[in-house]
Every structure is written in structure tokens, then in C-alpha cells.
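Below are two complexes that have chain A in common, paired first with chain B and then with chain C.
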Partner chain A sequence: MANIQETIAGQFPEVEFAQGETLELNVPDAKWHDLAASLKEAFGFDNLRALIGMDWGEQLGIVCYLVNSKTYEMIRVKVLADNREEPFLHSVTDLFAVAGIYEREVFDFYGIKFIGNPDMRHLFLRNDWVGYPFRKDYDTNPELNPVRLNHEETQDTTVEYVEGPDGKIHTVEHAIFAPDDFVVNIGPQHPATHGVLRLRTAVEGETIKKIDLYLGYIHRGIEKLCEGLTYPQTIHFTDRLDYLGALMNSHCLCMCIEKAMQLEVPRRAQVIRCIMDELMRLNSHLLAMGTFCMDLGATTMLFYALRERETILDILEKTTGARMTFNYNCIGGVRQDIAEDFVSDVKKLLEIMPKAIKEYNKVFTGNIIAKNRMEGVGVLSPEAAVDYNVTGPAARSAGWNYDVRRAQPYGIYPELQFDVVTRTEGDSMARFKARITEMEQSCRIIAQLIDNIPDGEICAKVPKVIKLPEGHWFQEVETGKGAFGCYIESTGTTSPWRMKFNSPCFCLAGVVDHLTRGQKIADLITIGGTLDYIVPDIDR
Partner chain B sequence: MQDLSFVTRWIDNLFRVVLGCPEWLTVTLECVLLGVVLLLVYAVLALFYIWFERKVCAAFQCRLGPNRVGPFGVLQPFADMFKMLIKELISLNHTDKFLFALAPFLVIVASMLAFAVLPWGNGLQAIDFNIGIFFLLAVSSIGVLGILLAGWSSNNKFTLIGALRSGAQMVSYEISISLSVITMVVLCGSMSVRDIVMAQDHCWFIFSGHIPAIIAFLVYIIAGTAETNRGPFDLPEAESELTAGYHTEYSGMHFGFFYLAEYLNLFIVGGVAALLFFGGWMPFHIPGWDAFNQVMNYIPSVIWFLAKAILITFIMIWFKWTFPRLRIDQLLSFEWKYLMPISLVNLVLMTLVVVFGLTF
Partner chain C sequence: MEVTTKSMPYEDWKDNEYIESLVSELKASGTNVIVGSLDKLINWGRSNSLWPLTFATSCCGIEFIALGAARYDMARFGWEVARSSPRQADFMMVAGTIVHRMAPAVRRLYDQLAEPKYVIACGGCAVSGGPFKNSYHVLKGVGEILPVDVYCPGCPPRPEAMIYAIMQLSRKVKIEKFFGGVNRKESRKEFLKNHPVSETTN
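This part shows the complex of A and B:
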């Protein structure tokens, strides 16, 4: 890291350095693109993990987290825009494919226009939205943005801001589809999107030419809501992002707050959290597998998967009292002690799972039709996985050996024995098989812990009023879908200045167009199912 | 074997002699009566299949299936059908109104016509003419016209894709079905449904025709599943891709017609398989075992036919609830590259078998 600092300081004298959780770089906008290119080429920071829009009061800007895909080092870069009225930043879309969709999100909420991003449309909000809601000076007057009942016209062109040789910025329009494209509108109400997601799909016969993604149908503005709430009040929101990773998401936010408070979590709580995370991962993978098979027409597999998932939900219900939005993790530990028969129930589950997995493979994985439908469909290369910031089973089955539990270890994971499931094919079959193998690994982790739950407190002593010191923290966990991140920027009060949930599904949805080009319409379902994105996690 | 034609003769006698009706009135009355009976059978079978499929698939999926309305949920399909009957027929703008309304009738008429030539029992057949099986193939392919019309007239991209898929699929698989039917006609030497059944008096064709008959049966059952648009060949109505395919825009009883026709087509495919390979209504006979054959003859022919047809459809339902769906290109290449060449070769094989008298 010191080496990076020296070299960068030599190349870019304007860059200011600081050392927080990671090496932190402050760079003016004029040098941002060059710095990003240099970090990518010379130091291997080729994965844009997060691009977070910020409003510091006087100035707007972005905070980026870059990851080296091989050494897993992380670096933070902060870029400020010049003014609030007409803020421009340079786009890094040409360096990181995922930046395209991240920058659209920032434009939507902060009004920062990115020079060179070919697609500066609204992402979540309506096209006729007035103002930029995440800015601190946003006018919340309901008369400005009433609940509009009229139909929103679909735009067929995108805007790109281009910087001329004289430094003047002008706009260029791009058409989304060619004039003679046959465009099928899939969603927002469609059985295969598993939620309200809209894909405008240009097809040539049965072959997909291009997909244009529309988000925001269930955007609830959770990040904005958090800014007005105290820290303990924010935790239940995480259950409502990826509802199949509820416990892992809240684990992430709690860890981020605990890190900021420098709070020591009791060992018993840590072990319980870890078991819960792995139960949740089983739950997530089972449902992903079941619904995917149903989409492929094998409805029976859904019920087989639900059968085992039901056992898991029963276990979770006995302890947490809920089956979906658990609200179980709290700052400093967990809310309740485990139920009396938790240990015996989990052991029963561990006995069932290997048999069940064998059955799944027998019914579905080995089936010739299933093989034909999945093998070679939607091949993701490891480079594309890094470029599009695809994490989780989808990235590992493409050959990018990245698992947050190993790369940025947290909780008690460093003590545990488990394999990071990696495959090389990168197709739908690999993603499907990777999930099944990960279920086996989750069982292995639970088996190591279930007999060794130590006695003690389940929650650390926490002050009545929780205030975080001034600063910023970024914490990631591995959910069933990939790397889920929480970013907190605090000014020293009881509520966050900015809270960002960096969701894996957002990036998974961003890669759909790349994977489906040239595939059949039916493959869109296969690819979507094996990527396993959850719409509430995309929209937040 | 009990000959059930005494029923029809008695009715004929009733009209002609007892009531003294003239010729034209007798024929008209008999036709009306026959139509009513067939319609009733049609409705009852459809309701039975709705219930049967739900029960079977529930058993495969660790569920109970319908169990609240009536014993074992047998009244559930009646409730469903009543609900469907009282639902509004939503009329949409921007559709071709005439074709939109015509399509479900074409589909249901196609499957109704096929009922006329099925061998329901000994002496129970609406019409027996020398090209019976050919007639069946001809009328059952009217159905695809209805599906194409439904998809086209709905003026919706999903229905259009569904209808085109369906058209491509049904036209392709029709070839395999016809070839395997012709294979069996070669074995029998007649296209009359009654002759085909009677030719299996000593032994069912699946046994007497041995290898080529078994191949023809396998081809027939695969192509037949595809012909009925059922899983794993249910691409035209692939729910996860095309919402409901060609019948997305239909509501109420118009949708109900598609729904019923699907189940009845299932039964027709099963019934024709029973006719061609398992002797139609002919009881199970083993040459030489006369006592056994006599016992088998005591089971009424209607039960034999229904049992065979339902058993074969059970296998097709089993397919649906086990296999995932094929993709359109895989579906078509499967037909044109594998099924059709196999059935062509099989036809030659069957001809050789018949010519050299290698049948049992």
C-alpha cells in the first residue's frame, strides 16, 4: 500500500492521501479518469466495488471503492464536483463496465452528470421527477412531485454529455434500439422477473439483440429514509432489501456500526450470527434453485426445494419469531437467545440436506433437457465478472475466486473450515451447480459450529443513545447473491449523514444485457434465474 | 365379448318401429342424440382430467391437491368450471373481433370431431368408415389453425410469438405422428378403426409388431405430447417466458375452451395410442390361453378402452411434472434431426417385417 501511495504521489501530485480502513485518495475531477486508469492498469484495481454518490453540504461528489481482483486489496477514492448548480464529473464507464449503471444511479439521486457515460437517463425515478431527492437541500414539498397517475412515456433515446476539445460540454443523443427492431416488453409484471423489473427486449425471431433495463418500480428510498432515523432504527430496513439474505444484510449493517463504535461482540452472539448466516444462505440457494427450475418448466423441483426450505424457516421462526423479515441482529449482538430445540432442529436439518441434494441432482441436474438448456448458455468470463462487479456464486462459477468470507474476513469465518466453491465454465450450468455445492459447504460450516455454541451474553452492553464518531466506514458480507456492502458516513450525531447499501443484485441485473446478447428468449429466463437477482435488492 | 351395438340397435328400433318415425326424422334424432351424448362425455372427461392431473401432480410434488370440495376434491373441477362459466368475456380493443371469437371454437371443434372415430367400446363408435384413422389425423390438425388465429388476432407480441412457436411445433410433430400411425396401418393393412381393433383380437399390435411397433409407440408418445402442447413441450404457453402464450388475452369461457381442449387432446392422444398399439377396446388376449382370454372378455370393452387411454395419459402427465421445458431450437432440431428420420426408417423396417411375415 505504501508503494502505491508513493507511485501515485509521483504521477498525480494533486492527489491527497489519508489512511482509514483502507488507503484513501482524494482526487480532483480533472485527474479522476487518469487516476482510475492508472490504478487499474498499474496496480490491478480492476473491480469497481462501489460508486457512492455523496452530498457533503457544500459540495457534491462520489466515493468509490476499488478492489484488486487478485490480491483483494481495497482502496477508496473520493472525487468532488465543482459546483452544485451544474455538477459534472468524468465517467469511468470505459474502464469499468459496472460504472455505467452506478453513475446513472448517482445522476438520478444527486444530479451529477457524468461526461462520457453514453446513457444519462433516469434509472429509478420517473423522467418528470423534479429535483434530486438525495441532495440535502431537496424540497420534499409533495406538490412538486405529486403521485402522478398518468402513464410515463418511454424514452427511445439516451443522452450523452461530451466534452469538446475546448472544454465546452455538449450533448449527443443515442437511439436505444435500431428503427426496425422488434421490441418485446418483458415486465414489469412478468412471471419470470420475480418481481417488478422491466426488460425491453429487441428480438430477431427468437434471438435477443439487446436488452434495455428499467428499474425503480419498487424503489422505497430506504437509503434516504435512514438519514432521518437513529442507527438502531435503520437495521430493520436491511431485511427488506434482499429478503432471502435478511440476516446477512442486517449482520453487515450491525458490523459496520459496531466497527464505528469499536464495540466488542460477545463470542456467543458471533457464533449464532454465523450459523444464522449459513442457514440463510441455504434458504437463499434453495429458493433460487427451486424458482429457477420452475421457470424452466420443472415445477416439481420447486416443491422439493420448498420442502427443505420450510424446515429452515421453521428453525428460524422458533428463534426469531418471523419467517421472512427477521429483525434478529441488533447492534452489539442478537436480539434473542436461540430457541431451546434450536440445536437439535439444526442437526436434523443437517441429516436431511445431503439426501435432499442427492435427490435434486437425480431429478434435475442430470436430466438431458436440463443439461441442454443450461450448458453453454450465458457464459460469463472471469474478466467480465470483474468488469461488471458480479460477485457471489455467479462470479465464482465464472472462475473469479472471490468470496468476502475469505477475501475480507469478518465475524468468526477465519476460524472455519470451508471451501470457496469455484468453477471455470461460467455458464448457467456452472452457476446452478455452484449453488448446490455451496449448500453442502454451508452445511459443513454449520456442522462445525452447532456443537460449539459457547455460553455467555448474546448482546454486548450498548449505550442507550447510540452516536457514531465523525468518519466513514464500509463493511461487506457475503450473502447468497454476492458481496453486500454497507457504507456509513457520520457527522457525529445519532443518525447517519449518508447510508448506502451496495447490493449485489444491482450489478447482477446490470450484466443481463451482456450475457443475453445473441441468446434465445428462453435463455433470458435461464440466465436471469441462474444470476438469481432479487428486485427489492436492486431497487432498495 | 359383449357387443354393445345392441344399445344402438334398440334405439334405432325404438324410433323406426315403436314410434314409427320416417327415415329422415330417425336420422336427425339419432344424430342429435349422439351429439348430446358425445358432448356430455366430452365435458365429463375434461372435468375428470382437470381433477386427475391436479391429484397426480400433487402426489409428485409432496402435496395433497384438491381435497376440500367433495370427497377427495372430486367436485373441485365442477366448481372451477362453474366459476369459468360465469366470468366475464372481456372484449379488447385493437383485436380482430371475429377471428378472436372464432379461434377457441376452432380448437374445441377439432378435438370434438376426433371423438367421433375413437373406438369407445365394442359396437360403440359414432362413425366407422374406411379412412377412420386418416380422418382423425386430418381433423386434429385443425386445432393448430385455432391456435394461430388466437395468437394473431389478439394483437399482442407475446401471443404472436406463442402462436408462431405453436404453429412450428405442431406442424413439425404432426409428421412424426402421421409416420408412426402409417407404420401401424402398414401392420394392420386397414385404416378403418374397427378393422384395426379387430386385427388385434389375438394379440395387441405392440406385441405382434414387436420392435418397429415399440419404436413407433415411443415416437408416437413423444410427438403426441408435443402435439398437445404439454410439458416438456409446452413452449407455446411457456408461462415463464410468454405469460400464457397464445391464450394470454382470453378470459372466461373462451379461455375455458382452450383449457378443455388441451385436456381432451391429451385424452385423444392417449385414446389413439390405445387404439393403435394396445388394441383399442380389445381385452388383453394371449394366443392359446383360452380360459384367460375368456376371463378378460368379461371386463366390459368400454372399461378396457378408458383404462388404457387414461394409463397412457398418466404417463404423459408424468412427463410434464418431471421434465423441464425444451427450447424452441432444441425442440425443432429434435423433431427434424431425430424423430422424423427414426420414424421414416422405422416405416421401412415395419414394411419389411410385414412383407417377410415376421409378425407374431
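This part shows the complex of A and C:
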């Protein structure tokens, strides 16, 4: 890290350095693109993990987390825009493919325009939305943005801001589709998009030429809501983001707050959290598998998968009292001690899972139709996975050996033995198989822990009023879909100044266009199903 | 008249006063023997084969999948034929949060449902906005844009609660007048008049 600092300081004398959780760089906008390029080329920071829009009150800007895809080092870069009225920043879309969609999000919420991003349209909000809701001075008057029942105009052109040689910024218009393209609208209400996602698809015969992604059909403004709540009140929202990774998401937020408070979580709570995370992962993969198979027409598999899922839900329900939105993790530990027969129930589950997995493979994986539908469909290369910030089973099946539990270990994962399931094919079949293998690994983790739950407290002593010191923290966990991140910026009060949930599904949705080009339109369903995005997690 | 569904004793319902008021409203206007008998026959058929529209935006949708799977098995009640096209469905279970951008699409789906059609607001968000009530982008209940027949609270409601909600709906269907003068339809007309879809683009 010291080496990076020295070299960068030599190259870019304007950059200010700080040392927080990671090395922190503070760069003026004019040098941001060059710095990003240098970080990528010279130091291997080729994965843009998060690009977070910020409103510091007086100034707007972005905070970026970059990851080295080989050494897993992380670095933080902060860039400020120079004014609030007409804020411009330079885009890094040409360096990181995922930046395109991240920057559109920031534009939508903060109104920061990115010079060089070829597509500066609204992403989540309607075209006729008034104001930028994440700005601190946003006018919440419902008369400005009433519930409109007319359909918004679909734009066929998009705008790019280009900087001329004299430093003046002018706009260039791009057509989204070619004039003679045949465009099919899929969604927002479509049974196979796993939620309300809209894809405008240009097709030539049955072959997909381009997909234009529309989000926001379930954008609930969770991050903005969090800014008005105290820290303990924000935790339940994480259950409703990716509801199939509820416990893992809330684990992430709790760890982030605990890190800020420097709170030690009792060992018993750590172990319980870990078991719960893995049960949740089983749950997530089972449902992903079941609904995916149903989309391909194998309805029977849904019933097989849900059979085991119900067993898991029973176990979770006995302890937490809920089937889906558990609200089980709390700051300092967990809310309830495990139920009396938790251990015996989990052991029963561990007995039936290997048989069930064998059955899934027998019924579906080896099936000739399934093979034809999945093999060679939607091939993701490891480079594209890094470029599009695809994480989780989708990235590992493409050959990028990245698992947050190993890369940035948290909780008690460093003590546990499990394999990071990696494959090399990168196609839909690989993603499907990777999930099944991960289920085996989850069982393996649970088996190591279930007999060794230590006695003790389930929750650390926390003050009644929780205040975080001034600062910022970023924490990631590995959920069933990929790396879920939680960013908190605090000004020292009881509620966050900014809370950002960096969701893996957002990036998975961003890679759909790349994966489907040249594939058949029926393969869109296969690719979407194996990527396994959850739309409320995309939209937040 | 005790309005109930199969294998559910009348006393077990939680809101019989409401259904009784509907019954007395029905009786007050009087009816012809033949038309009344036809009504009964039609309602018997309709109330036992309500087809839902596959429509879900978030968490509640997953519980709706669980409702369709083997354990809760809504096929027992004649609701299993979940249709993906609104043209073929009888009712719409609004399962999940409805936000500003989605509102016109939801309304269009509702308009596309064939008569007679019903709406169940399923889960806290569809009932009132739920935990996201204060958000700039969330509707305070789907009742803002659709006439709702049954509200089903919960976050998300358990599949049992969903069964109860659909049974409530089938009970309401049982006391409807098919040939004109139906209390429910009148109020719906008024609702739709007050919530017009403005000029439609796209």
C-alpha cells in the first residue's frame, strides 16, 4: 500500500491521501479519469466495486471502491463536483464497464452528469420526475411528483456530454436502437423476469441484437428512508432488499455498524449468525434453482426445491418467528436465542440435503433438454466478470475465484473449512451447477458448526441510544447472489448521513445486455434465471 | 344466510358483520326467483374457480410461489390456475410494493382483466405502503389507483393468510348479483371515474 501511495503521489501531486479502513485517495475531478486508468493499469485495480453518489451538504460528489481482482486489495477514491447547480464529473465508463450503470444511478439520484458516459438517461425514476431525490435539499412536496397514471414516454434517443478541446461541454445525441431495428418490449410484468424488470429487446429474427434495461419498477427509496431513521431502525430494510438473502444482508449492515462502534460480538452470536447465513444461502440457491427450472418448463423441479426450502423455513421460523423477513440480526448480536430443537432440526436437514441434491441432479441436471438449453448459453468470461463487477456464483463459474468469505474474511469464516466453488466454462450450465455445489459446501460449513455452538451471551451490551462517530465504513458479505456491500457515512448523530446498499443484483442486471447479444430470445430467460437477480435488490 | 366456503365453519370467520351487511343490502333490493337462482348457480361456479393473475413485485410474490407449491397447495381450492395473461385471470393479487413508475402498468393490467374482476391487496405495502410509507417513490397502498376488494395484511403475509384472503374473496363473490344492480360494481364505477387514466402515451 505504501508503494502505491508513493507512486501515485509522484504521478499526481494533487491527490490527497488518508488511511482509513483502506488507503483513501482524494482527487480533483480533472485528474479522476487519469488516476483511475493508472490504478487499473499499473496497480491492477480493475474491479470497480462500488460507485456511490454523495451529497455532503455543500458539495456533491462520488465515492468509489476499487478492488484488485487478484490480490483482493481495496482502495477508496473520493471525487468532488465543483458546484451544485450544474455538477459535472468525468466518466470512467471506458475503463470499467459497470461504471455505465452506476453513473446513471448517481445521475438519477443526485443530478451529477458524467462527461463521456454514452447514456445519461434516468435509470430508476420516471422521465418526467421533478428534482433529484437523494439531494439533501430535495423538495418532498407530493404535488411536484404525484402518482401519475399515464405511461411515460419511451425515449428513443439518449444524450452524452462531451468535453470539447476548449473545456466547454456540449451534448451529443445517440439513438438507442438503429432505425430499422425490431424492438420487443419484455416486462415490467413478465412471469420469467423474476420480478418487475423491463427489457426493451432489439431482435433480428430470433437473435438478440441489443437489450435496453429499464429499472425502478420497484424502486422504494430505501437508502433515502434510512437517512431519516436511527441505526437500529434501518436494519429491517435489509431483509426486504434481497429477501432471499435477508439474514446475510442484515448481517452485513450490523457488522458495518459494529465496526463503526468498535463493538465486540460474542462468540455465540457469531456462530449463530454464521449458521443462519449458510441456511439462508441454501434457501436462496434452492429457490433460484426451482424458479429457474420452472422458467425452462420443468415445473416439477420447483416442487422438489420448495420441499427442502420449507424444511429450512421451518427451522428459521422456530427461532426467528418469521418465514421471510426475519429481522433477526441486531446490533451486537442476534435478537433471540436459538430454539430448543434448532440443533436437532438442522442435523435432520443435513441428513436429507445430500439425498435431495442427488435427486435434483438425477431429475434435471443430466436431462438432455436441460443440457441443450444451458450448455454454451450466455458465456461469461472472467475478464468480463471483473469488468462488469459480477460477483457470486456467476463470477466463480466464469473462473474469477472471488468469494468475500475468503477475500475479505468476516465473522468466523476464517476458521472454517470450505471450498470456493470455481468452474471455468462460464455458461448457464456452469452457473447452475455451481449453485448446487455451493449448497453442498454450505452443508459442510453448517456441519462444522452445529455441534460447536458455544455457550454465552447472544448479544453484546449496547447503549440504548446508538451514535456512530464521524466517519465512513464499508463492509461486504457474500450473499447467495454475490458481494453485498454496505456503506455508511456518519456525521456523529443517531442516524446515518448516507447509507448505501451496494447490491450484487444491480451489477448482474447490468451484464444482461453483454451476455445476451447474439443469443436467441428464449435464452434470455435461461441467462436471466441463472444470473439469479432479485429485482427489489436491484432497485432498492 | 350464512355465507361461507367449503370446510370453513361460519363462526370461524373474523368479520361476519361485514358480510351480513352485504347480505342485507342484497336482500333489500329484492330479486326474481329465476334470476336469483341463476345468480346462485353462477356464483357457485365462479367462487370455486378463481384464477389469479401471476403478478408480484417483491417479497409477497415468493410467498405466493410457496402458496402454489405442494405444502400449501392452493389447487385444493380451485385457484391453482395462475395465469400470466390478465385476459384469462379473474382476480389480481397485488403482491408487493407498488411504486410511482409501476403504477400505470398496474392500472393497465387491471384494465386488461376480463369482467368480473377483483383485486386483493396483499401485504403491508399494497395495503398502505407498509414500511416504505414515507418514501418519495412508493404509493400509500394500491387502493390509491385500484378498487380493492380484500386487504390482506402481513409483511409478507403467511401463505395461510393468503388462503384466508382468497377465501374471503370467494365469499364476496358468492353474494354478488350477476344480472345488474350489484352493490359492489356500482362503487367501483365511481372509483374508476374518480381515478381516470390521463392521456396515454406509449
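Annotations
One rule holds for everything that comes next: the second predicted complex is superposed on the first by the 540 of 540 C-alpha atoms of A that agree within 3 Å, B and C clash if a C-alpha of one lies under 4 Å from a C-alpha of the other, contacts with A are read in each partner's own complex, and residues count from 1 in each chain.
The rule is simple: a contact is a pair of C-beta atoms (placed from the backbone, for glycine too) under 8 Å apart; a residue touches a chain by one contact, two chains touch by 3 or more.
Since the structure is predicted, the reported quantities are computational estimates derived from the model, not experimental observations.
Per the definitions stated earlier, placing chain B and chain C onto a shared chain A by superposition produces no clash, and the two fit side by side.
Of the two partner chains, chain B is the only one touched by A:206; chain C is not. In the superposition on chain A, contact of A:184 is made with chain B only, not with chain C. Applying the stated contact rule after C-alpha superposition, one finds that A:41 touches neither chain B nor chain C.
Once chain A of one complex is fitted onto chain A of the other, the partner contacts of A:364 are limited to chain B, with no touch recorded for chain C.
Rounded to the nearest 10, the superposed model shows the Cα centres of chain B and chain C diverging by 50 degrees about the centre of chain A.
By the touch criterion defined above, A:296 lies against chain B but remains apart from chain C after alignment on the C-alpha atoms of chain A. Contacts of A:307 after superposition on the shared chain: both chain B and chain C are touched. Of the two partners chain B and chain C, more residues of chain A are touched by C. Look at A:520: by the touch rule set out above, it reaches chain B but stays clear of chain C. Closest C-alpha contact of chain B with chain C, superposed model: 5 Å.
Residue overlap on chain A between the chain B contacts of one complex and the chain C contacts of the other covers 190-191, 303, 307. In the complex of the two chains, the chain C residues touching chain A come out as 54-59, 61-63, 65-66, 69-71, 84, 96-97, 99-105, 107-109, 131-132, 134-139, 144-145, 155-156, 158, 195-202. Taken together, the chain A residues at the contact with chain C in this complex read 124-126, 133, 138, 140, 145, 147-154, 188-191, 195-196, 216-222, 224-225, 228, 236-237, 240, 243-244, 287, 291, 302-303, 306-307, 309-310, 323-325, 535-536.
Per the touch definition, chain A reaches chain B in the complex via residues 182, 184-185, 190-192, 206, 293-300, 303-304, 307, 363-364, 367, 369-370, 372-373, 520-525.
Those residues of chain B that touch chain A in the shared complex are 57, 60-63, 157-158, 161, 231-232, 234-235, 238-241, 243, 321-330.
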